[in-house]
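Across the two complexes that follow, chain A remains constant while its partner is chain B and subsequently chain C.
Let's look at the complex of A and B:
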C-alpha cells in the first residue's frame, strides 16, 4: 500500500514534469533574453566589429538624452500614444454604446467592428499605403468626388503634418474592435435593474451611459486601457511598413529606433537601452491607468 | 509485446533518418539565395537547371531572400558559423559592407581574374581594401546607371523632341527648368520625380553633384562625400524649388516606387533614377516612347553607377561549387544579355554589348559611353547610419522645412555628433 506521503511526492513530481517544458520555454525565450538585454544596457557593443560587449556603466542611460534622433522618436511616441489612446478609448466606448442600443443586427456589427483584428498590422500598413496614395489612392479619389479639391492631391504619408496622424488612423482601424468587444461584454454583464432604475429617475442618454454604466464597468475599462497603452507605445509595424520612419524622422517611434539601432547600426547596447526606456514608459502609464481606474474595495 | 513493438518502430524510424542523412551527405548541394526581383528579372532558376545538367551530381536550390534586411540575417547567421546559403545574389556592394567588415565573405579575386572584360567602372564598385591590398569579397554581376528616364510621347507634346526624333537635352540648369515647366503643362502629374527614398537617396544626392562638378567628394576632406560645395548647395536648392513649385513630385520620400509607378502609367514624364526604368516602361508605354537623357553636365562629368553583386560566405561548405556557378552561368553571355533584353539590366562585360541585344541598342551605346566615365559610391563602415542621416536631413529640406545651408551644415555636424564611422572600406 502506497503511503500518502509517497503518493503526494509522486503527484508533485508528475506536476513538475508537466510544467518543465513551459518553464524551460520561459527561461530560454523570456528570462535569459531579459537578463542579457538588461546587461547590454550597461555596455557598448558593436555586433560587427566588437568581439564582446564592453562595460560602460550608466553611460548609455546618460548619453541617450543627448541623441537628437532619440528625442525625436520619444516625442513622436508620446504624441502618437496620446492621440491614439484618447481616440481609441472614446470611439470604442461610443461604438459599444451604440451597438448595445441596437435591437437588430448586434452580432453582425460586432463582427464587422472586430474583423480588422485578424488582419496582420503589417498587411494593414501596406493596404493603407495604397489607400492613401496621392495619385491612385481611393481616399483622395473620394475627397475629389466630394469636392475637396485642395485636399485631394495631398500626400498623406509624406507630409510632416499628416504622416503621424495617418499612423494613428491605421492603428485605430485595426484595434478599435478589440476594445469595443471588451466594453460590450462589460455593458451587457450589468444587471438590467441598474439601467431601469436610472431611467425611472429620468436620466438622459449621455447621463445613463457616462454616469451610470461607465462607473460600473471599471474592470473592463481598466483592461481596455492597459491594452491600449501597450498598443499606443509599442508602435513598430505601421511606421516600418508605410513610411520607414520618414519623412525625415516624423514617424520614427522608440520601438522602430531601437530596432534600427540594433539591426541597422548593430549598436546593441544603445538599442537595448532604448528598448528598456520604452518598457519603462509602458510600465509607468500602465501604473497610472491602474491607479485611476482601479475599483476601490468596498 | 507492446514494448517490443515500440522498440521495433523506433529502430525503423531511426534507420530511415540515418539513411536520409547519409544520402543527403553524399549528394553535393549548392544553395542559392537571391532577391525575389532578381529571380524574376534574371534567369536564375534556368541557370540552376543548366548547372545541374552540366553537373549531374550537384543539386542546386534557389530561394528568395528578404530585400532590405537580409544583411542583418546573414550577419547573425554567419557569425554563428551557420548558413542556409552558399551563394548570395543581390545587394549593392556598399550595402554588403557590414558583411565585408566582419570578414564573413570569401575573396573572389580568383574568379574575377578568370572572367575577361569586366568593365572597370563596374568592377570598381566591388573593390574593397585590406590595408593597401585590393580584394573582391563581392563581384558585380549587373550594372545600373543613374540617368533621366523620359517619356518621349510627353516630351513631344511639350515640343522637346528635335527634328531627328531625339529628345532635346538641356545644356544648363535654366534650360532644364524651362523644360520642366513645358512638361508640366502636358503631363497629368508633376514633370519630374527624383528618387529620394531610402534605396536611391545616396545616388540621387551625389548624381546631381557629379553632373555639376565632376566629383562627389568633399573639397576639404577627400575621403568624405561632398556636403559643402556650391554644387551640393545648388542641387539641393533646385530640388527644393522644383517640389515647392509643383514641377517635381515628393512621393518617393515615403513610397520608393512612386516615381516608377507614375512613370509606367504615363503620368510623370521624367524620373531621375536607375536607367532600367525607361527600358522597363517600354513594356507599358511602347519601346518607341521611352528613352533617356543626361542631366546637364553629365555627358562631360559622368554619372553614378551602381551594381548588384554575388558573394560566397566563408562558412559555406560549397565555396568551390559557388565559384563555379558564378563563372559558368552568371557570367555567360546568355545570362548577362537576358537581363538587358527583358528588363534593361546592364551586362558588366563589355563584349556582351556588341551583338545579341534585342532592343534599345542606341540607348545602350549612350549608356556604355556614360558608364565609362562615371563613378561609384564609396563604401563606409558607417554606411547605414549615414544613409539614415541623409534621409533625416534631406526629407525636411525637400518639404521646405529647412534651408539647403542648414541641411548641409546639419549633415556635417551630425556625422561628428553621432560618431558615424567614415572609415573607407575601399
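Let's look at the complex of A and C:
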C-alpha cells in the first residue's frame, strides 16, 4: 500500500516535471490573457492616454448595443456565417461523395481540392483581388467571353450587394478541402457491407448518400460542423485585405471591428468586450451543433 | 458492385469541373507571374501567356530585398517555434498520455476549450504585455505566442500517440532498469515519431500562414512575416503590381506546397484526430 502510494507520488512528480515547459507557456500566454481580457471587459482603458484600466462595471456590455458600427458588424458576421456554413457543409459533403466514387485518379482530385488549404487567407485575399479586378481581372474576362455583358463590368468587392458574398466565395475556396478531408475519412471508414447491402436493395445515388451513409458518419459531421463554425465567425484576413470592411461598413466583421477598436483606436476595454462577444457566439453555435449532431447512444 | 458506366462518366465530369475551379486561382497567378508586364496590363487581357519571361522571378529574388527579409523572418520564426513546440509537446504529451496526476483532467478540458476560443481574446493582453516588456518588433514577439497557441494542438496529438503505446513495452524497459528519462527518450519517443510528424506539419502550416498576431505585433516593416509582408508590399506599391506580386505569392507558398504534398497523410491524420482550432 505505502510503496504504491509513494511510487504514484513519485510518478506525479515526474509528470509535473514533464509537463512544466508546456504548462508555463500556456499559463503565461493563454490562461493569463484569457483572464486579463475578461477583466478588461469591465473597464474603460485607452491604451494611449490612460495609465491603467478604469473599472466601469457592466457599462461596456450595455453601451455596445447602442454602437451602430457594432450592430452592423454583428449583422455582417451572422449573415456571412450563415451563408458560409450552409454552403461549406453541403458542398464539401457533395464533393466528398463524388470523389469517393471515382475508381481512378482519386489522389489527383483530392489534391486539387485540398491545395487551397495551404494558402494563407491573407494571400488568398491578394490573389482574389487580382482575379476579381474589374478591368484586368480574369473573372470578368471570362464572364465577357461567355456573353454575360451586364455582369462583366461589376466591381465585385466594392459593390454593396456583392462584397460580402465575394468574401464568402474566397473563404470557401480556402476551406472546402478541409471539410472534404474530414468527410472522406468518415465515408472511407465505413464498412463496405452497409453500402453493398443498400445497393442490392436498389437505392439511388442520392438515397445511398443521404439516407445510408450520412447517418453513419455523424461523428465526422459533428467535427466538420465545429470547424466550420469557427471558420465562419472568426473572419478577419479576407475583409482586412480585400475590402477593409467597406464599402461603408458592408463587410466589417466583429473580428475586424474588435481589432480596429483595439489597435486603431486603442480602446482596449471595448475591444475586449467585442472579442468576448465573438467568442460567446462561437461557443453558443458549437454548443448548438453538438446538441444536434452528437451521437446519442452510449 | 460497380456503378453504371454513364453514372461514372458524369461523376468524372463533375469532379473534373470542380478540380478546375479549385486549381484555377493557382493557374492564373502562375500565368500572371510568367507574362511580361506589358501583357499583364493589356486590355482585353490574355488568358494564356503569349510570351513567357522569368524577369519577375529574377526581380523578386535578387532585387526585392524586402521580400528576402520577410522570407527569412518567416523561416526563423516558424523554425524556432516548431522546435520548441516539438520538444515541449513530446514531454507534456507523455505526462498526459501515460501518467496520472492531480489536475490532469482539468488541464485537458482547459486545452480543449482553448482550441475553440478565437485568437483575438488573447491578443489584446499579449499586445499590452509585449508593449510593456518592449519585445514587440522582434523574433520573440511572435515565437512566444505562436508556441503557446499551437501547443494545445501538439499536446493533444502527442497525448493520443503516447497513450496508444502498449504498456508491455514500458514494463519490459523498467525491468531492464531504464530511468524515467531513458524510458522517454530511448523507448517512447522513437515509437511516437508519427505523432511528432503530425504535430510538426500541422503547426508548420498554421504558423507559416498566421496573420493577425503578425500584423499586430510586428509594426516595423523589418520584422514582418510573409503573409503580412506581401500585403504590405501591395499597399506600398499602391496600385496594380501583380506581375511581381504574383511571384512573391508563389514563392511564399512554395515551402507550404512542398511540405504538404510530401506529408499530406500526416496532415490529414492531424486534422481528423485533432479537434477544433480557434
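Keep this in mind: the second predicted complex is superposed on the first by the 286 of 298 C-alpha atoms of A that agree within 3 Å, B and C clash if a C-alpha of one lies under 4 Å from a C-alpha of the other, contacts with A are read in each partner's own complex, and residues count from 1 in each chain.
By our rule, a residue touches a chain if its C-beta (ideal position, glycine included) is under 8 Å from a C-beta of that chain, and two chains touch if they have at least 3 such contacts.
All values reported here derive from a predicted model rather than from experimental measurement.
Undergrad: Applying the document's definition of touch, where does A:194 land relative to chain B and chain C: first, second, both, or neither?
TA: Touch partners of A:194: none, neither chain B nor chain C.
Undergrad: Should A:82 be classified as contacting the first partner (chain B), the second (chain C), both, or neither?
TA: After superposition on chain A, A:82 lies in contact with neither partner.
Undergrad: Check the residue A:159 against both partner chains and state whether it touches chain B (first), chain C (second), both, or neither.
TA: First partner only, chain B.
Undergrad: Quick one: classify A:260 as touching chain B (first), chain C (second), both or neither.
TA: After superposition on chain A, A:260 lies in contact with chain B alone.
Undergrad: Is the number of chain A residues in contact higher for chain B or for chain C?
TA: Touching more residues of chain A than the other partner does is C.
Undergrad: Could you say whether A:133 touches chain B, chain C, both of them, or neither, answering first, second, both or neither?
TA: In the superposition, A:133 contacts both chain B and chain C.
Undergrad: Does chain B (first) or chain C (second) touch A:47, or do both, or does neither?
TA: both
Undergrad: Mind working out whether A:242 is in touch with chain B, chain C, both or neither, as first, second, both or neither?
TA: Touch status of A:242: first partner only.
Undergrad: Between chain B (first) and chain C (second), which, if any, makes contact with A:69: first, second, both or neither?
TA: After superposing on A, A:69 lies in contact with chain B but is clear of chain C.
Undergrad: For chain A, what residues appear in both contact lists, the one with chain B and the one with chain C?
TA: Looking at chain A, the two contact sets intersect at 47, 133, 135-136, 263.
Undergrad: Once bound in the complex, which stretches of chain A touch chain B?
TA: 47-49, 67-69, 129, 133-136, 155, 157-160, 163, 242-244, 246-250, 260, 263-266
Undergrad: How about chain C: which of its residues touch chain A in the complex?
TA: Result: residues 1-3, 7-8, 11-12, 14-15, 18-19, 22-23, 25-26, 28-29, 32, 40-41, 43-45, 47, 87-89, 91-92, 94-96, 99-102, 104, 107, 110-111, 114, 116-129, 131, 144-145, 147-149, 151-152, 155, 180, 184, 205, 208-212, 215-216, 226-228, 230-231, 234, 240, 242, 245-246, 249, 252-253, 256-257, 260-261, 264, 268, 271-272, 275-278 of chain C touch chain A.
Undergrad: Show me the residue ranges of chain B that touch chain A in the complex, using the header's touch definition.
TA: Per the touch definition, chain B meets chain A at residues 69, 72, 75, 79, 98, 101-102, 189, 198, 250-251, 253-255, 258, 261-262, 267, 381-382, 384-385, 388, 391-393, 395-396, 398-399, 401, 414, 417-418.
Undergrad: Touching chain C in the complex: which residues of chain A?
TA: 8, 11-12, 14-16, 18-19, 21-23, 25-26, 28-34, 36-37, 40, 47, 95, 98-99, 101-103, 108-109, 111-128, 130-131, 133, 135-138, 141, 144, 173, 176-178, 181-182, 185, 196, 199-200, 205, 220, 223, 226-227, 230, 233-234, 236-237, 240-241, 255, 258-259, 262-263, 268, 271-272, 275-276, 278-279, 282-283, 286
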